[in-house]
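The next part holds the structures, each set out as structure tokens.
In the two assemblies presented below, chain A is common to both, partnered first by chain B and then by chain C.
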Partner chain A sequence: MTAMASNALPRANTESGTSPVALSVEGMAVTYSGLLEVCSDVSIDVRRGEALALIGESGSGKSVTVLAVTGLLGRGGAIVRGSVKLDGEEISHLSERERRRRGLLGKRIGMIFQNPSRALDPVFTIGQQLNEALSLTGLKGKVELRAKGAEWLRHVGLPDPEEALDCYPHQLSGGQRQRAMIAIALASEPALLIADEPTTALDVTIQAQVLNLIRRLQKELNLALVLVTHDFGVVAAMADRVAVMYGGQVVETGSVDEIIRTPRHPYTQALLASIPTGEAGARIQALPGSVPHAGAMPRGCRFHPRCPAALPLCQDSAPALQPAADGRVMRCLRADDLERHDA
Partner chain B sequence: MPDAQALFSLHDVSVRYPIRRGFFQRVVGHVGAVDGVSFDLRRGETMALVGESGCGKSTLGRAILRLEQVADGTIKATGKPAATRKDLARKAQVVFQDPLGSLDPRWTIGNLIGEGIDVHGTARGAERDSIVRDLLKQVELPASAFHKFPHQLSGGQQQRVAIARALAMRPELIVLDEATSALDVSVQAQILNLLKDLQAEYNLTYLFISHDLTVVGQFADRVAVMYLGRIMEMGDAADVLSAPRHPYTRALLASSLKVDPDMRIDRVPLLTGDVPSPRNPPSGCRFRTRCPQAQAGCAELRHRMVPAPNGRETAACLANGDL
Partner chain C sequence: MIVFAIRRAVLGVLVLVAVALMVFVAIRLIPGDIVNQQLAEAGAVTPELLQEKRAAMGLDKPIAEQFLVWAGGIVSGDLGHSLWTGRPVSAQIGAALLPTLQLSIMAIALGALFGIGAGVLAALWRGTAGDMVLRMLSTVFLAIPQLWLGLLTLTGLALIGYYIPLPYRSFATDPWANFQQVIFPALALSLGVAAALSRLTRSAMLEVTGADFIRAARARGVSSSGLYLGHALKNALIPVITLLGTQFGNLLSGTVIIERIFNVPGLGNLLFEAVAYRDYTVIQAAVLTYGLITIIVNLMVDLSYGLVDPRIREARS
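What follows is the complex of A and B.
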């Protein structure tokens, strides 16, 4: 623990530079009913042992992105462009049956949701739900399953693991349910863990416990982690790299230090400036307006109506996500002159 | 300590919910949601109530609004005492967390904002409509919102309607019960700025119920930290948040995540366990079961507030040398 804390800064380069890419999404677009494009041009990649945070306001397309990766888009939702690769294998156009056959549901991709009471089945005990995940690894036998299940619950820090195996979800507290869900998500030993707002509904003291647990297990099991959140506090505490989303697109990516200390894209800057600093009486620099609706996206750069740095040019030409002169990756027509301006 | 400037004075206020069991729903016991809370709400200030869920902060807000019956203690208001809840509505209003849940989906925005004016008969006809249009302007909503329905507005706009609805009664106190917690940060910033402007204009008093200590530090003048129905620490917001005295305040501050990439999760000190059930709270100091500094004597400690300079009060704590 102390060793990890002392070399906290170079972590992003040392750990993630060499390990293989677990998930790679390239120019993915998602529509519902073929009409409503809720995600267009999303590109992210995550390596083993690395934590990527997807951050943005509600309606920015971050949850849809992870649902598309897991194949849980639901009725009418489809990936219409781009590719999604898990360990190099294209998975964007597989049917549900094919996904199941290849072990994509649960086995290779684990998911943790915001609301554990909705993700857990109320009529089965925690033990029964754990067994389902454990059996995906090929484990058989009542005694073996029970022993392994109790081990997982101990691993996630539930007080009485043996007793908790026989509990129904409603018999556990919110924090305990979230731990049980993490145990179930990890019991099938996935390569990729997706956590969609895993602690938004929890109190701060429980949030710290649960995030600490996720981070510890991610390191121990060398998982690739995609963390969806709207809270920069969670990003700062957990992520190695960050992808900022706006209006269904990734607008800036970088290491957690780059994004939080020296944000470059005007949207990232405005979002960070609108977070209260805790300084008494100070006025917050509010970003005016709100995220446009998927059915009424502005032409050109999607952020230009709210952007303080917008030029007339931004109304017509749509920028691409590309590296600026200094190597920072963002989607902005003024990437190069804003950089000069900052320096 | 009655304060000349106090708008509401709370003295030893307790709120209890009955526990009902069995076929006849007989009362078999009580849950103490708020236990012996005293403080003054001063005119024109923002007082924050913070704590984890179940600590009684919302219940206390509801008790001041008389939406909850007070079991023990008194809540006194200055000026003419409000005889009924309807009278109190002209003095104290509330904005809840979920705007869509508090706005009737079948009513237009104009009627929602004007409801209080209609009920109290303060204005009618064209005069009432012009008051409503003024309120729309004050909360920075377009005049076209008058004939719209709640679902046609965004979350931030809906919360502005809820604020306009509260303002319509020209209250002195507005209870903001997690009023910005469900909003995106950019929208939260807009609403907090709006609330600040309205406070300056009308000398409003806010009771700001929140779990976000950073927002509280920026928005509130004073803060009361609650745990399992009791106030653990209270005082000037800047003082309490920069130099917390009670172990619980320290733990709560340490657990809340900062927007600082050096504060990685493995450096955040963890508080173990969950909040105990309020049905069966620990004896003595209620925080002792999770307190990193707990001692044997904490189980017998009597809860009382120890005063300090600058209006600061901290619950007696053995680790702080209180007996």
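What follows is the complex of A and C.
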């Protein structure tokens, strides 16, 4: 895998090849109330300084995956199989208290949410919420907290950081709120940053600014970044590697270059084909149907009912996520066929 | 903010005028006026004597004129004199106001403490036995009238051999006796308030704890107490404060009977006796005082929204 990948994206890969793995998820399954399996087999790796995009349709399990990693699944949600390791430390079965004690909430994993208007507490000032994160670093004292808080807000590009500290969320614009949210997520100096569709709720004009900011900070601070998105444009701009998810499973991983230029898995191909090209009159190839409900997953390959390349075999045997002959990692019974077809 | 307060104050005065008018007319519509009451014990009562008495008290004039005379007195700070004892009403109200304020403030504080506390606990313990017990208790106390709860408290205390010291002492003269005299009626009054508040607090807390900003706060490492008592409670407090205001009105009406039961010489006790004796001037002044307290409390409730929610604070300025 490395041989081919390094040809495609030499810089990013030599970098990630040497730096240690920050987050490693293997075969993780998540259920709610022990019944509904919303994630069945998720395996991802992210190194320090590397950005991994997690892409898929709504209901593919990408948000649940990151919530499971951060321990924010909520009532009834639990990791039932597989492992989640942060810097080599197994964290999949920790209680909230234990997570807090080990600094997994905030201090080592920072999280940016989809909608900054709802993720910021409306009745607390930005400064107060920033202080909660700052205090995790051991910083004390009103003056020190204020100075550091203003520094962070300046760092994320808020025009008037001192004033913004005393603002309530509703007094800021949507883009400013997301910048403040990013500052709060990073203020506790985590090594892993998780961004769950950080620009979906923002105006198109603001989206690029916020994405650039996240990318810049990720590089500056040498963060491991997991970015959840359903937008290949975001993937191309932001990520080093991609994991494509379908029906609660990772179905293909690879470098951004590989996935976007030569998608191999039929689902990845269908996703890419459904992107509007921007050419007038060009038809978009829609992928018919939708992700099956977690309670009604088909037997065999989960994608086979919608798959253009499905064989009778796909209805019965479930493929595993494994390296194909050319080093691409994918979950498909026809992986080797498709590769030959590709070449 | 100041404009808002002034507007509310003007509105409050209008409400007071309406209250004054209503109580003035209503008390005169009750059969058996004060003259009848006063002469009830006398033997031979001639119509002339009744007429003479009424004229002496100014009750023979048209009701509109009586009202204007009384209202004019109030505007100039004169509440009139008791029709029975001839003592100035303002002195009676002044003496009765303090025990009532003390009782109702203690009761509302206890009610808020128990109610919000139980609501937060029930939300934290959602679905467990503790939650069930708290919810059952709140239903029970919501259903029991204050009057009966008062009598029950008194009887219960007597059964375990405890008697509230008598006569009534003010806090200034004997704090310990005063505390014993006020704490039980305050408790009896507070439980109904607590019951209503706890149900609302529970549901408001549950709604807020499902919000995204709670999850985000958890993600940045905020402690459990910070999450529930800081972020969740402050957001849940707005509907709770509204209810607290309306509950204060209920509580105030409850003081009339509770003061009677526990022998607290407050406004309620004064009003109770004045109604029995048809002492018009005292009744009117007492009801007006109740109205004034209610209006002030509502104003305070309205102002306190701004303390909790910056968005309301801004909308007003």
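Miscellaneous remarks
The rule is short, and it goes like this: the second predicted complex is superposed on the first by the 334 of 343 C-alpha atoms of A that agree within 3 Å, B and C clash if a C-alpha of one lies under 4 Å from a C-alpha of the other, contacts with A are read in each partner's own complex, and residues count from 1 in each chain.
One rule holds for everything that comes next: a contact is a pair of C-beta atoms (placed from the backbone, for glycine too) under 8 Å apart; a residue touches a chain by one contact, two chains touch by 3 or more.
In this text, all values refer to a predicted model and were calculated from it rather than measured experimentally.
For the composite obtained by superposing both complexes on chain A, the positions of chain B and chain C are free of clash and fit together. More residues of chain A lie in touch with B than with the remaining chain of the pair chain B and chain C. By the touch criterion stated above, A:100 is placed in contact with chain C alone, chain B being left untouched. Shared-chain residue A:141: touches no atom of chain B or chain C. Using the contact criterion defined above for the overlaid structures, shared-chain residue A:232 touches chain B, although it does not reach chain C.
By the touch criterion defined above, A:115 reaches chain C but does not reach chain B. When the two complexes are overlaid on their common chain A, residue A:270 makes contact with chain B while staying clear of chain C. In the superposition on chain A, A:287 makes contact with chain B only, not with chain C.
Looking at the shared chain after the overlay, A:133 reaches chain C, while chain B stays out of its contact range. The superposed three-chain arrangement places the nearest Cα atoms of chain B and chain C 8 Å from each other. Shared contact residues of chain A, touching chain B in one structure and chain C in the other, are absent. Residue ranges of chain C in contact with chain A, taken from their complex: 211-224, 226, 230-231, 234-235, 308-311. Contact residues of chain A toward chain B in the complex are 1, 4-5, 8, 57-58, 173, 175-176, 203-209, 211-212, 215-216, 230-238, 256-257, 260-261, 270-272, 274-288, 290-291. Interface of chain B with chain A (complex): residues 52-53, 154-156, 184-190, 192-193, 196, 211-215, 217-219, 237-238, 241, 251-252, 255-268, 270-272, 274-275.
If you check the complex, the residues on chain A that touch chain C are 70, 72, 74, 96, 100, 103, 105-107, 109-111, 113, 115, 118-124, 129, 132-133, 136, 168, 170, 181, 184-185, 188.
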